[in-house]
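Here chain A shows up in two complexes: once beside chain B, once beside chain C.
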Partner chain A sequence: MVKKVAELVQGIGEGKEGALARALTLVENRGSGYRELLDEIFPLITPCPIWGLTGAPGVGKSTITNFLAGELVEKGEKIAIIAVDPTSPFSGGALLGDRVRMMDLAGKPGVFIRSMASRGALGGLSPAIMDAIALFQAFQVDRIIVETVGVGQSETDIVALADSVTVVMMPGTGDDVQTIKAGLLEIGDIFAVNKADLEGAETLAGLLQSMISSRTEEGQSHQPPVLKMIASQGNQLEQLLQEFFHHQEYLNRGELKEKKERMRGEMALKMHLQARFQDLFLGPLLGSEEWEQALKSITGREKSPAYWAEKMIPGRD
Partner chain B sequence: MVKKVAELVQGIGEGKEGALARALTLVENRGSGYRELLDEIFPLITPCPIWGLTGAPGVGKSTITNFLAGELVEKGEKIAIIAVDPTSPFSGGALLGDRVRMMDLAGKPGVFIRSMASRGALGGLSPAIMDAIALFQAFQVDRIIVETVGVGQSETDIVALADSVTVVMMPGTGDDVQTIKAGLLEIGDIFAVNKADLEGAETLAGLLQSMISSRTEEGQSHQPPVLKMIASQGNQLEQLLQEFFHHQEYLNRGELKEKKERMRGEMALKMHLQARFQDLFLGPLLGSEEWEQALKSITGREKSPAYWAEKMIPGRD
Partner chain C sequence: MAENRIRVLIAKPGLDGHDRGAKVVAQALRDAGMEVIYTGLRRTPEQIVSAAIQEDVQVIGLSSLSGAHNHLFQKVAGLLEEKGYTDILLIGGGIIPDKDRKKLEEMGFDCIFSPGTSTSKIVEFIQDRVNG
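What follows is the complex of A and B.
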């Protein structure tokens, strides 16, 4: 084992924050030894509940996260917050990396905040997010809160993998039905209509409620609650925390928790297979002579992308 | 060549709509022979301008698309509209597939509308979207309009590949600066502040304007215009159409058009390489005995996802 990796593994085992931070960076950059690191910390992992918060920009997710994390730390918990930011299609970096909105918590003992880009090199989910969860669990945090910005897009995949997901909405953002239809109804275990003092809050909450009722199957014991809140005034935040606990208990009673574990395992495995593809096939091709030749041929309308892909990865078909 | 594929290629060459529709379905489902089809229609392709429209749900994209397509058809053009819908993380299908909002145009001669899911099997961009563009261009359409729902997520990749992109926004959707920062400023060639009669429209337009000015480099000849409009009342729609033409002329003057062509070629090639990976490696693994064994080992905390990925795709590293 590389010395650097061994040191990081030891540091994480001893609860050293510096080692955790360096390990997160190594994993996010897919730096040399990252796979070995993930393999080595694997036995250290203690599973913990993962809570998800998702919603469009500006609906108040960060205010809510701030409150939840603050309360949990008060109870003596060690909390990790993974703030997943949209990635610019060009720069490749997370654009909201500064995250001024997390200022309240930054530096507070017991809270570990990490901003991460939502996408990997291939445009899908960033595999580093799953890996960060593993690192935090090896670091023995008691709870992980994943906050994502998204409206039904691939970013919601991540929160879908959380044990309990709160979808945060607000009134007045245009075509609410469309937003709701765009996949959010399916992933929410709890719904929060924030800024409930704005016009349209009642309508939105009513709409959500009726859509939830119509799709809740008979005999299904958990019907997602709809909370109207004004997070900036502290209104109903405690209630949301209770709903999270409530859902957690519900999970613990049934087989759903196991299902979630399996889904996460499957997702992590897929992500790592993707990374293998990137490292072994795509990486070496990009910018190679063959790549340039293929692009010339494609833009010159000689041979199609389908032709070149078969030539580059000859197959068994 | 399979008979079915040969018939589709011939039909597309002869401008038969039925053949186009069947070819689009074949490509979207990655049905047998789809790669051969794409290879065969490749020489038929006549490049045409691709216009993109993006923005959050409910900002009025469809109203705008309706107008643009209607005007262009009046001028005698053959128009393709690709409406990219968010994909549900669970069902895998496009949830807004019904698209009542495109009713005005459906069935109008000269307009070809296709709703497509935004994501492929692996969670990244759906490769079928690039392929649909190729099919439409082989069908000799004069212009393609791609409409996507998205806020800085992977869906915006698709519009980023369009020749000219209009970002549609509206006031009052919460934290506007955050939305703007989330990658949209970088992909917009034109900005439309729709529902300009709502409160906050002036502020939003002013903010956009100042952000654009501050990042426009000296000597750069195209500074994205910011249009305030009320699309539902027809207000400023004609102006937007002119801005699209304007940007197209700007592109034709410089080397940017070539750059865009190259980017599209590169994207298509990557998508097809991904598809090869899916077909040759991931597909056969999913649900296999080895897959189940790996999942058991991962959820049982015996061996890590990184370990299994290396075992499943043994590498040169």
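What follows is the complex of A and C.
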């Protein structure tokens, strides 16, 4: 084993934050030895509940996370927070500002906050996020909270990732029938209408409630609750915490938990296969002689991209 | 395929209230392709160093509006030294008297930028020192 990887594994086993932080970077960067690292920490993993918060920019996800994590740490839990923000498609950079609204957690023992940019994933979650979760579980955290901005793909990814998902909304941002239709109803285990101090919260909550009731099947034991809250004033946040616990109990009773485990395993496997594909097939092709030849032929309208793809990676499909 | 990105923590220690300068720098660094963790106002040196360790940044940028925060800057440098994180590039910006600037540079600051410095100069400095 590479010395660096061995040191990281040992550090994580000993509960050292510095080692965990470096390991997270190695995995995010897909740096040399990252697969070995993930393989080595795999036996150290203790599964723990994963909670997700998603919603449009600025609805109050970090303010809520700040409260939830604060309460859980008071109860003696060790908490990890992964806060995902989008990478700029133009520069590749990102502004990760979630810590601004998590001031009560700053420097608090028992809380590890990691800000992650979405990087390669177009609008979605970082491909490394599953690996970050594995590292935190090897670090023996009691719970992981994932905050993601709800744009496009990340909304469906969060379902595969988290055991319990709260969709956060606020009034007056076009969170109306149209937005609600766009798949949000399917992904929430809990709905939070935040900023109830602003006009329109009542209407939004009512609308949500009726849409949820109409799609909840007869006999279905979990009907997603709708909570109105004022996160900035701490209002109704305790309720949200309780709802998360309820949902978790609900999961533990049935077979859903295993189903979630399987979904997560599948997502992680797919992500790693994609990375292998990148490294072994796409990487060597990019910029190669064949690549240039193909581009010339495509732009010269001789042979199609479909033709070239099959030529580059032969085999039947 | 390895994909390294420069990660930077931007913080503003001390109690005074506005952070426009820090935000402008944060945005410029983002536009130069860096991942910028912005922590907001009123952070203690301990909180800043703890965040830098968890976020595994290669650079910490501290902003200050007056020389009054000199001791907070020093405290950050001291904590980093104490915890063995001297490889982190430490930069500062704001209105800082010459004599304090010298002292800070002796204490481990790699550069103190004066208020008029263009953001492209800061970007260049970071890229040079981290990649070079």
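Just so it is clear, the second predicted complex is superposed on the first by the 288 of 317 C-alpha atoms of A that agree within 3 Å, B and C clash if a C-alpha of one lies under 4 Å from a C-alpha of the other, contacts with A are read in each partner's own complex, and residues count from 1 in each chain.
As a convention for this text, a residue touches a chain if its C-beta (ideal position, glycine included) is under 8 Å from a C-beta of that chain, and two chains touch if they have at least 3 such contacts.
These numbers were taken from a predicted model, which means no experiment stands behind them.
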{"item": "First, second, both or neither for A:I187, with chain B first and chain C second", "value": "first"}
{"item": "Partner chain(s) touched by A:R30 [first = chain B, second = chain C, both, neither]", "value": "second"}
{"item": "Partner chain in contact with A:A294 - chain B first, chain C second, else both or neither", "value": "first"}
{"item": "Touched partner set for A:F42, first chain B, second chain C, both or neither", "value": "first"}
{"item": "Which of chain B and chain C A:G107 touches, first, second, both or neither", "value": "second"}
{"item": "Partner chain in contact with A:D279 - chain B first, chain C second, else both or neither", "value": "both"}
{"item": "Touching partner for A:S115 - first (chain B), second (chain C), both, neither", "value": "second"}
{"item": "In the superposition, chain B vs chain C on chain A residues touched", "value": "B"}
{"item": "Partner chain in contact with A:R22 - chain B first, chain C second, else both or neither", "value": "second"}
{"item": "On chain A, positions contacted by chain B and by chain C", "value": "87-88, 90-91, 95-96, 119, 279"}
{"item": "Contact footprint of chain A on chain B as seen in their complex", "value": "35-36, 38-39, 42-43, 45, 56-59, 85-91, 95-96, 118-119, 122-125, 130, 134, 149-157, 160, 170, 172-176, 178-179, 181-183, 186-187, 258, 261-262, 265-266, 268-277, 279-282, 285, 291, 294-295, 298-299, 301, 303-310, 312-313, 315-317"}
{"item": "Residues of chain A that touch chain C when the two form their complex", "value": "17-18, 21-22, 24-25, 29-32, 87-88, 90-97, 99-101, 103, 106-107, 112-115, 117, 119-120, 278-279, 283"}
{"item": "Chain A contact footprint on chain C (complex, rising order)", "value": "1-5, 7, 26-27, 29-40, 42-44, 46-47, 50-51, 53-56"}
